[in-house]
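Shared chain: chain A. Partners: chain B in the first complex, chain C in the second.
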Partner chain A sequence: MKLETIRTDIRLRHGKLYKQCVGWVLVLPTVLYLLVWTVYPLIYALYASLTNMNMARPLLTKFVGFTNYKLLIQDQFFLTAVGNTLWVTLLSILLELIIGYLMAKLFFQAQGTKGIGILRTIFILPIMITPLITGLLWSYILNPTLGIMNHLLKLFHLPALDWFGSSDIALYSIVAINVWQWAPFMMLLILAGLNSIPSPLEEVAQLEGASWWQRLTNLEIPYISQVVVLGIFIRIMENLKMFDLVYATTNGGPGKATEIVSLLAYRQSFLYYQTGYGAAIAIAILVLSIILVQFLFKLLWRREVV
Partner chain B sequence: MKKVFLVLLSFLLVLLTACSGQTGSSNAEDNTLRVIMIADPWVDVMKEFGQKYEKETGIKVEVSAYSYDQTHQKEILLGNQKSSAADVIVLDSPWVGEFAEGGIVEDLTSRIEKTPELNWNDFIPSFRDVAKWKGQTVGVPFAPYYVMLHYRKDLFEKEGFEPPKNYEELIRIADHFTDNPDYPGMYGIAMNNERGAPVGQAYFEHIWHFGKPFKSMEPGSKDPYSNMTPLLSSPESVAVVKMFKDLLKYQPPGALNYAWDERAQAFAQGKVAMIMAWSVRTPGFLDEERSQVGDKFDTAIVPTVKGKEPVPPLGGWLMGINKYSENKERAWEFIKWMNSKEVHKEFVLKGGPPARLSELNDPDLKEKFPWFDTLAESAEKAFADCRPRILESFQIIDTVGNHISEALSGKLSVEQAMKQANDQVRNLMIQGGYKVD
Partner chain C sequence: MMNRRRSRKWAGALIFLLTFAYVSPLIWLLLAAFKTRAEMFQSPPPILPESLNLRNFEKVLSDSAPYFLNSFTAGVVSTFLALVLAVPAAYALARFRLRGSKDLELWILSTKMMPPIAVVIPLFVIFQKMSMLDTRIGLVLLYTAFNLPFAVWMLTLFFKKVPIEIEEAAKLDGCNLFQVITLMVLPLARSGLAVVAIFSFIWTWNDLLFGLVLTQNEARTLPVDLATFASNLDIKWELMAALAVLQTLPVVLFTFLCQRYIVYGLSFGGVEK
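Let's turn to the complex of A and B:
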C-alpha cells in the first residue's frame, strides 16, 4: 500500500512538471517574439533616451542622464505638440460621436428603404482610404487658390479661407478632415448598438410617448455604450499616434500650429538623427498614453460593468 | 525550469547572431555600378547617361533616386552600416562636413591630382571650394546650382522696369504687380515660406546681404566655423525675417505653405511677376507643357541690400565614392567619364546643371540657355559656406525655419521668434562641441 502511494505521488508530480514544461515550450515562441520585438526595443529606447546618441556619429555616444528629459520639458515645440495632440483627440472624438450618432439615427430610421444599403456603404468609404491619401486629397480640396472648397465658398458669397496657411484655422482643418474620415466608423458602431435594442422595448418607448432625451438616456445609451466605449478607445489610440494626415497637409506648420508629438519624434529621430532626444520623446508619449488610457478605462469601463 | 531557461537563452542567442550576421551584399563579381542620388529634375538625363556608359563599357549603371530627406537618410545609413550597397554617392553641399567627418565618402584628392585630363581648374571655383573639407576632397563638383532672380521680362518691359538690384526696388516692383487692375489675379512675388527647411534655407540665402548668422561666418573667411556663437537674434538677422514678413503682402494666398515646388509653379503658371529660385528649375520654365512663361522670362543676379555686393546662394551636388564600396576603381572610372569635358557638356545640353567655366562660356550652350551669363556672374560672387556645411547643418536650418514660420504666421513677434531660435541653436552648437562665447 505504502509503496503504491509513493509511486502514484511520483507519477503525479512528474505529470505536473511535465505539464509545466509543455506549457513553457508552447509559450516560448510568443515569449521570444515579445523579447525581440517589444521588450528589447523598449529597453533600448529607454537606454537611448539617457544618451546623446546621434545616428550620424554613433561612436561619440555618451551617457547624459536625464538631460534629454530636462530639455524636453523646456521645449516649446514639445509642449505645444502635447497640447495639440490632446486637443485634436478630444475634439475629433467628440464630433465623431455626435455626427456618428445622428447619422446612425438616420440610417436606423430609414432601414428597409430601397438602396439604403448602398448608401451606407458609400458613407463608410472614407474609412478605407489611408490617411496619407486623405491628407493629399484634402490638401487639394482646401488649396487656397486652386481648391474647390474656396471656389464653392465664393459662389455663395462667403469669405474664402486659408485652410492650412492660417495658424488659427489649420488645426481645425485637421480635425475636420479627421472627423470626415472617422465619423462613419462611429456611425457603424452606434448603428450596430441601435439594432441590438429589442423591438418590444422600442414599442413600449413609443407607446409611452418617451421624449427623445428619455429614449437616448434610458434606452439607447445602455445598448450602444459598450461598443461605443470600445470605439472611443480605438480612436484615442489612433489619434495619439496620428502622423500621416498632418505630414501630408501642414507638416506641423505654420509655426507650431499643428505640431503633434509623433511628427516631432519623427523629425528628431529621422531628420536630425538625434536618436537620444527622439527616444526621450517616444518614451514621454508612451507614458502619457498609458496614463490617459488607464484613466479613461477606469472612468468609462466601470460604468459599463454596472 | 533551468533547462527551459537554457533552451530559451540559446534560442535567443542563435536568433541574435543570425540577425547581426548579414550586412551589405557583396557585388564584386558582377558588372554593375550603383549610384545613389537625389530625384531632381535632371535625374532622367542622368539615367540616360548611365545607359550610354553601359553601351560604351559594358558596365551597367544602376541609378536609385530619392527625395531630398530620404537621400540624406539613405546615404547616412550606408556609412553607419559600412555597407557596400552603393558605389557612387551623390551628396548635397551642406552635407560635406558631415560626410567627410563621418567617414562616409572616400577622399578623392590624390585621385584628382593623378587625373590631369579631368581638368580640375576648369570646374567653377566657388563650387570647387564646396567640395573641400579640412584637406579632403569629398566629391567632384558636377552639379552646382545658384539662386537667380527670375522675372517676367514682358511685363517689366511694358512697365519700363529694370530687374531690381536691391530689396527696396524688389518690394516696389512686387507692390506694383499686386492687386493691380491691369494684371488681374497677379501677385508680385512668391517666396519659400513653409516651416522647416524651405524658409530656413531662404534665411541662409539672404542673411549674407544683411549680416551674418554666426560670429565667424562671413563671405571670404578662411575658417568660417572657428566661432559658432549664433547671431540669429541680432538686428541684422531680425531684419531678414521682417523683410520676409513684409513680402507676404505681395504673394498669392496660401503662400505661407509655399516651398520650392509651389514657388516655381506660381511663376510657371504666370501668377507672379518674380521669384528667386535655384537655377536647377530654370530649364523647366522653358517646357511648354508645364510652363506658360517659356519665352517671357529672364534672369538676373539676386538683389541685395542697397550699397552692398550681392552674395548669390550656391548649392548643388557632388559625386563622391562610398568609403565601403567594393568597386572603388570602377566608381572612379565612371566619375571621370561623366565629368570629362565632352560628356559633361552633352549632359548640360540635355538639361543638366553646368559645372565648368568652359561650359558657362560655351556659345552652343549659351544660345540654348540664355541665363548662363547670370550664372557666371553669380558663380563668381558666391560664398561656399553660405549654408553651413557642418554635421548639424540640417538641424540648424530646420530649427531656424520652424521659428521663422512662427513669426510669419503672426503667433510670435519676429524678435521673440528669433530669440528662441538663437537659444535653441546655441544649445545645439554647445552640444556639438563648437566654440561659443
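Let's turn to the complex of A and C:
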C-alpha cells in the first residue's frame, strides 16, 4: 500500500519534470530566435550608442562614453522630434476616438440592414493599406499644383492651402492622414464594445428616455472602456514607431516642422552615416516606449485585458 | 418599433454616403492609375480617365516585376518559418505549465512592441559585417523574427481553446506529441493559423523600413520601390498610382475574404469574436 503510493508519487513527479523538459524544448527555438534577432541587436545598439561609430569610416570607431547622449539632450532636432511624436500621438488618438465612436454608433444603429457588412468592410480598408501608400496617396491629393483638394476648396470659395509646405499646418496634415487611416480601427473596437451591451439594458435606457450623455457615461463607457483602452495602447505603440507616413509626405520638413523620432534616427544613421548618434536616438526611443509600455501594461493588467 | 426601423434606415443611408466619402481617396487613386500624364496635369483635374487603358500597369509591371516577386517570397517564406517556430512554442505555453510561462509570453509579446528603428540600425552594421546586406535570405530571416511574437501570442490563445479531452483521447489511441499537434490541435485551431498567416503576410508585404535599410537592388521589396517615387523631384504620379494599386490589391482582397479575422488580429485577440 505504502510502496504503491510512493511509486505513483515518483511516476507523477517524473511526469511533471518530464513535462517541464518537453515544454522547454518546444519553446526554446522561439526564445533563441528572438534573442538573436531582437535582444542581440539591441545590445549592439547600446554599445554603438557609446561610440563614435561612422559608417563611412567604420575602422576608426572609438569609445566615447555618454557623449552622444549629452549631444542628444541639447539637439533641437531631437527635442522637436520627441515633442512632435508625442503631440501627433495624442492628437491622432483623440480624433480617432471621436470619429471612431460616432461611426460605431451609426453602424450599431444600422445593424441588420442589408449590405451593412460590406459597407463596414469598405470603411476599414484604410487600416490594411501600408502607411507608405497612404502617404503617397495623400501627397497626390494635397499636391499644390495637380492635387484635387485645393481645386475642391476653390469650388467652395475657400482659400487654397499649402498642406505640406507650410510649417504651421504640415504637422496637422500628417495628423489628419493618420486619423483617416486609423479611425476605422477605433470604430471596429468600439462597435465590438457596443455589441457587448446586454439588450435588456439598452431597452431600459430607451424606456427611461436617457439623454445621449447619460447613455454614454452610464451605459456605454463601462462596456466599451476595456476595448478602448486596448485600442489606445496599440495606437500609442504604433504612433511611437511612425516612419512611413512622414517619409512619404514631408520627410520631416519644412525645416523640422514634422520631424519625428524614427525618421531622425534613420537620417542620422543612413544619410549622415552617424551610426553612433543614430543608435543613441534609437535607444532613447526604445526607453520611451518601454516606459509607456510598462505604464500601460499595468493599467491593462488591472483590467485584465491581456 | 416603427420608429426604430425608420431610424435604422436613415442610419443605413447616412453610412452609405459617409463610407463612400471616407474611402473616396482610394477611388481617386484607382482612377489615377488609368490616367495619362497629360490628364494628370489638367486643371481642373478630370474625374474619370479618358479611357481604361492599362499602359501604366504594363509599364510598372515590366519595371517592378522582380520586386513583386521579392516581396511575395519574403511574405510567404517568413510567414511559414514563423509558424514552424511558433506552433510548438505556443503549444507548450498553452498546455504545459512552464515555470514563468506568463512572463515568457509577455516578453515574447513585448518584442513586437519594440520600435523597428532600434533594431534596424545595429542590424545594418551586423549585416554589413556578415555580407548579408541586400540578400533575400537575410530579409526573410529578419521578417520571421518580426512575425514570430504575434504568431506565438495568437496561437497560444487559440490552442488554449482546444478542448483537452480530445488530445487525451488521441494520446490513449497511441498518438505521440507530434501527431497530437499536427492531427488534432492544428485542424481545430485553423482559424488561429489563418489569422497569423494573414497578418504575417500583410505586415511583411507592407513593410518599408527594413527593406529600405537592408536592401538595394537584388533583394529590393515592393514598398522600397514605391518609396523611390516619394524621393523623386519629378514624381510620375500616374505610375505611382498604378504600382500602389497593384500593391494594395492583394491586401484589399484579403480584407474582403477574411473580415471576421481582422478585428481579432488587429487587437491581438483582445476583442473576442
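In this text, the second predicted complex is superposed on the first by the 266 of 306 C-alpha atoms of A that agree within 3 Å, B and C clash if a C-alpha of one lies under 4 Å from a C-alpha of the other, contacts with A are read in each partner's own complex, and residues count from 1 in each chain.
Please note the rule applied: contacts are C-beta pairs under 8 Å (C-beta built on N, C-alpha and C of every residue); 3 or more make two chains touch, one makes a residue touch a chain.
These numbers come from a predicted model, not from an experiment.
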Touched partner set for A:L230, first chain B, second chain C, both or neither: second
Partner chain(s) touched by A:Y273 [first = chain B, second = chain C, both, neither]: first
Which of chain B and chain C A:D162 touches, first, second, both or neither: first
Touched partner set for A:F295, first chain B, second chain C, both or neither: neither
Touching partner for A:W24 - first (chain B), second (chain C), both, neither: both
Partner chain(s) touched by A:F66 [first = chain B, second = chain C, both, neither]: neither
Which of chain B and chain C A:R57 touches, first, second, both or neither: first
Which superposed partner A:I133 touches (first chain B, second chain C, both, neither): second
Partner, of chain C and chain B, that touches more residues belonging to chain A: C
Common interface residues of chain A - those touching chain B in one complex and chain C in the other: 24, 31, 36, 55, 58, 143, 145, 251, 270
Chain C - residues contacting chain A, complex: 7-9, 11-12, 14-16, 18-20, 22-23, 25-26, 28-29, 32, 40-41, 43-45, 85-86, 88-89, 91-93, 95-99, 101, 104, 106, 108-111, 113-119, 121-126, 128, 141-142, 144-146, 148-149, 152, 177, 202, 205-209, 213, 223, 226-227, 229-231, 237, 240-241, 244, 247-248, 251-252, 254-256, 259, 262-263, 266-268, 270-271
Chain C contact footprint on chain A (complex, rising order): 19-20, 22-24, 26-27, 29-31, 33-34, 36-38, 41-42, 44-45, 48, 53, 55, 58, 103, 106-107, 109-113, 115-117, 119-133, 135-141, 143, 145-146, 148, 151, 180, 184-185, 188-189, 192, 227, 230-231, 234, 237, 240-241, 243-244, 247-249, 251, 261-262, 265-266, 269-270, 275, 278-279, 282-283, 285-286, 289, 293, 297, 305-306
Contacting residues of chain A [partner chain B, same complex]: 21, 24-25, 28, 31-32, 35-36, 52, 55-58, 71, 76-77, 143-145, 160, 162, 164-167, 250-257, 267, 270-274
Residue ranges of chain B touching chain A (in the complex, touch as defined): 4, 7-8, 11-12, 15, 69, 73, 76-77, 80, 98, 101-102, 194-196, 252-257, 271, 391, 394-395, 398, 402, 405-412, 420, 427, 431
